[in-house]
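Let me begin by handing over the structure; questions about it come next.
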Amino acid sequence: MLRNNLRRVRRTAIGGIVLLAACLSFGQAPNTCLDCHSALPEPQGVTQEKFAQDIHAQKGLTCASCHGGDPTSMDMTVAMSKAKGWKGHIDKKQVPALCGSCHSDPNFMKQYNPGLRTDQLSQYHTSMHGKQLAAGNSKVAVCTDCHSVHDIKPPSDQHSTVYPLNVAKTCSKCHADANYMKPFGIATNQYANYTTSVHYDALTKGGDLSAPTCVTCHGNHGATPPGVDKVQNVCATCHVFQAQMYGKSTHFKAFQDKNLPGCVVCHSNHAIHPPTDAMLDTGKQGVCMSCHKPGDKCDVARVNILSSLTKLDQTITSANQILHLAESSGMEVSAALGAQDQARDALTKARVTIHTYQPSLVAAEVQNGMKIANANFKAGQDAMVERNHRRIGLGICLIAIAFALFGLWLLIKKIEA
Amino acid sequence: MLKKIIDWLDERLHLDGLLEPFRHKTVPTHKLSCWYFFGGITLFLFLIQLLTGILLLLYYKPGANEAFESVQYIVTRVQFGWLIRSIHSWSANLMVFTAVAHMFSVLFLKAYRKPRELTWITGMLLLFLVMGFGFSGYLLPWNQLAFFATTVGTQMAGQVPLIGQPILIFLRGGPEVTGATLTRFFGFHVAVLPGLVFVLIAIHLFFVQRQGMSVPPKVEKEWEQNPSLRREMKFFPNFALREMMAWYVAIGALGVLAALFPWDLGVKADPFGAAAAGIKPEWYFLFMYQTLKFIPAHIGFIDGEVLGIMGCGVVALLWMLLPFFDRERAGGKKSWMTGIGIFALVYVIVFTVYGYVAK
Amino acid sequence: MCSENVVNPEPVRRGLIGLFLGGGLLATFASFIYPVLRYFVPPQVADLGVDEVVAAKVGDLKPNASAIFRFGSKPGLLILDADGETYHAVSASCTHLGCTVQYKGDAKEIWCPCHNGVYNMNGANVSGPPPRPLQKFNVHVRGDQIFVSRNTEA
C-alpha cells in the first residue's frame, strides 16, 4: 500500500517534469522516452544528441519504432505498457529479425531509399554469425554489434562504424580479443596481420577507399571465410590477370589436388605484403623452395624467370641513374624520364606474368620492357654526350674570349705607352 | 670605303658635333676607379637581355596551356634554345646583382650628392624596374615555383590598405593567379617595362654625360691638397676599351653559367596542386621576404604583415630620396650616410643568406 | 683593374695586337653569332602545341577498335565506334593508380587491367576501384587526320 502510494507520488513527480519538458518543447512531436532515458546510465541511457545522429531518427523514426510503447504518453505506466506494444529490452537473438522486419521489406524500404538492398537478413542467415546465432550462440555478432545502436549512421558517413576505413577496427573488436574468441577456437591475429598488409596501406595511407578491407573478401552480412577453393575467385575481383593466368597454370590443379588455398599459399591471407622479386629467390622471403626441390625442372624455370626480371629491373635502375645524372647537369630529359614509366609498367606486367609459371611468357614481357629501358638508357647517354659537346663549345668560346681580352689589353698598353 | 660612308653621313648629319662630348669626356683615375664599371656592365647585361629576350619571343607562347610547353620546346627542340634561355635567366640574375652593386658603390663613393640627386633617383627607379622585370619574367615559364612565388608576391601587394585590393586585381587580372595573370605579366615584361626602362636609361645616361664622373670626396680632397696627383683617363678609347674587357669577362661568365648550370625548367604549374614545401621568392626578394616573416602577426591594432609591407614601401621611398638627407657638414664631420649604407648592405646580405638557409 | 699598376711602356708590335685583337674579336663574334643563327632554324618537329594533337589518321582504326596516342606527356585512348564513324577520345591514365586503360570491344567498355576498373565509352567510371571518370577529349576529323583537343582552361 505504502509502496503503491510512493510509486504514485513518484509517477506524478516524473509526470510533472515530463509535462514541463513537453511544454518547453512545444510544437515538436512528443517523444517522452528521451526525457527520462537521457538521464539514465548506459545501457539504458540515450541522449537526444546521440539519437539525433541516427539515420533512423533523421528519417522520422522514434524509439517506439523498435521498442514499441507510446512515446506520446507522459504516464510511464502507459508509455511502457504491454498494452501499447512495449517490448523493452530487445534480446540479442531478436535483433536480426527486428531489423529485418523493415529492412527485408522492399515495399517498406522503397519509400526511404529505393536503392537500398533488402537481402541483408537472408544474407545474414547464410553467414557464420547467423548460423551460430541460430544454433543458440549469442556471442556472435548481430546487426547492432557492427552498425552500433541508437546512433546508426549510413556506411558513407565517415564516422560510421562500417565506413571503409573503420570496418577492420569494428571487426577487430571481437576478432582480435583472444579471451572473447576462445570458445570459437579461431585465430585472433587477423587484424594485427592485416594492418601490416599492402591493402591496409592502400586504404589508410593511400586513401584508396576501394582498397580491400575485411568485408571485401569475407562479405559483410553474409560474412564467412572464403574457403580454400574460392580464394582465387575472391582475389580475382581485382587481380584479374593474375587469376586468369593462375587458373590456367599447373599450380592451379596441383594446389587443388592437395587442397591448398590458391593465392594464399605464396601471398598469405591477411598479411599480404607488396610482392618482391625476392619471393622467387631462395632467401628468407623465397616461397618456391618450400615445395620444390633444388635442381628440378621448376627450379631451373624459377632461376630463369628471376634472372630475367632482375636484368630488367637493373636496366631500369641504371637508366634512371644516368637520366638523373643528365638532368642534374641541366640536360632536359623529361621525355625519357616519362618513358621510364612505360618501362616500369612492362616490368610490372612481366611480374604479373609469373602467375603463368612459364619462363617464355615472362621473357616476352621482359623483352618489351628491355626495349624501352635500353632506349631510355641510350637517351641518357646521348644527353651526357650532348653535355660534353656543350662543354667543348664553351671551352672554344672561352679561348676566343681570352684572345680578345689579351688583344684589348695589348691595345690599351700600346695606346697608353 | 668605311671612311667614305662616314664622311658622307657626317656631311649631312654633322656627326662630329654629336660625338664631340665623347671626345672630351674623361674618367677620373684613382684607386676606386673600378667601381665605375658596374653601371656599364649592368647596361651591357640589359642589352643581352634585350637580344636574348627577342630571340625567346620567336618561340615563346604566353598562355596557361602553352607557356610551359613552349619553354620546354625551346630548351629541348630548338637548336641552342637551352643556351638562349639559360643566358636570359642568368643574365637577369647577374643584372640585378650588378645593379645593386652599382647602387651601393654610388652610395659609398658619395656620387649621389649635389648635383647628381636626379641621377640617383632615376637609377633607383631603374633598379625597381629591373626587379619588376625579374618578378614578371619569373612567371612566364609557368612552372610550379613561379606560380606560387607570384601568388605570394601579388598577395603581399594586396595587403596594402585601401589600394591593395585594386592593385592585386590589376596585377592578377582577376582574384586568382590564372592564365590571365600570365598574359598580363607577359605584356608588362615585353612591352610596358622595356618602354619605361628605355626612357629612364636615356635620361640616366644623359645626366651622367652632362655631369661627368663624380670623384669621391676623399680623393677630391687629396687632389686639392696635391694637384699633381690628379689623374684622368680619356673616356674614349682608354676607358671604353677597359669597359669592353669587363663586358667580355661578363659574357664569359654568362657562358660558363649557362653551359654548366642551365636554368632549371621545373614542373608545370598546377593551380589546384598543393604548394610545394619551402617555396621561396627569387634571391633578390629574399631579404624582404625574410624581414616580413620576422614581423609578429599583430603589432597593437595593426596587422603585422600590412605594417611590414608599408614599412618596406616607406624605406624604399626614403632610400630613393637619400641624396636630400645628406647635407654638407661643417668642420669635416663624418657623414652618417656611410654608416647607413654599411648597415643596409650588412642587413641585406645577412637576411638574404638567412632567408636562403632558413626553412 | 682596381689598382692601375704602371707598366713601363714597352714597344708592342702592331702585328701581335692585330692578331690577338682581330682574331679574338672575330672568333668571339663567330662563337656568339653561330648559336643565334642556328636558333633561327625552326626545328624539324613542328610544335603542334599540347592543346591539340593528331591522334591517328582516318582508316588507321577498324570499327570497334582503339589506339593509344601521346597527348603531351600522358597517353590518350582513341576509340572508333562500331558504326565506323564516331570517335571517342579519353585520357588513358586510370584514375585509380594511373595504369594505362584499354578498350574492350566485346563489352563496349574501357577497362583497366590492373585492378579491374571499368569505365563506359564516355569515360565515366562504372565499376571497380576508379574514383573518378577519365578526362574526356574532343575529337575533330579534318581531312584524313583525326585531331584530339582538350578544353582550354582560363
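Note that the chains are named A, B and C in the order they appear, and that numbering of residues resets to 1 at the start of each chain.
As a convention for this text, a residue touches a chain if its C-beta (ideal position, glycine included) is under 8 Å from a C-beta of that chain, and two chains touch if they have at least 3 such contacts.
A quick note: this is a predicted structure, and the numbers were derived from the prediction, not measured.
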For chain A and chain C, which third chains touch each of them?
B
I'd like the most central chain, judged by C-alpha centroids against the all-protein C-alpha centroid.
C
Rounded to the nearest Å, the gap between Cα centres of chain B and chain C is 35
Computed distance of Cα centres, chain B from chain A, in Å
56
Provide the list of chain A residues touching at least two other chains, using ranges where the numbers run on.
334-335, 393, 397, 401, 404-405, 408, 411, 416
Residue numbers in chain C touching 2 or more other chains?
28, 32
Which positions in chain B touch two or more other chains at once?
83, 242, 248, 251
What residues of chain A sit close enough to touch chain C in their complex?
208-211, 237-241, 334-335, 338, 345, 393, 396-397, 399-408, 410-411, 413-414, 416-417
Of chain B, residues touching chain A in the complex
72, 75-76, 82-83, 86, 237-238, 241-242, 244-245, 248-249, 251-252, 255-256, 259-265
Chain C to chain B touching residues, read off their complex:
1-4, 28, 32, 35-36, 38-43, 45, 47, 49-51, 72, 152-154
Touching residues on chain C, where the partner in the complex is chain A
7, 9-12, 16-17, 19-25, 27-28, 30-32, 73, 96-97, 99-100, 113, 115-116, 128-131
Touching residues (chain side chain A, partner chain B) in the complex:
329-332, 334-335, 390-391, 393-394, 397-398, 401, 404-405, 408-409, 411-412, 415-416
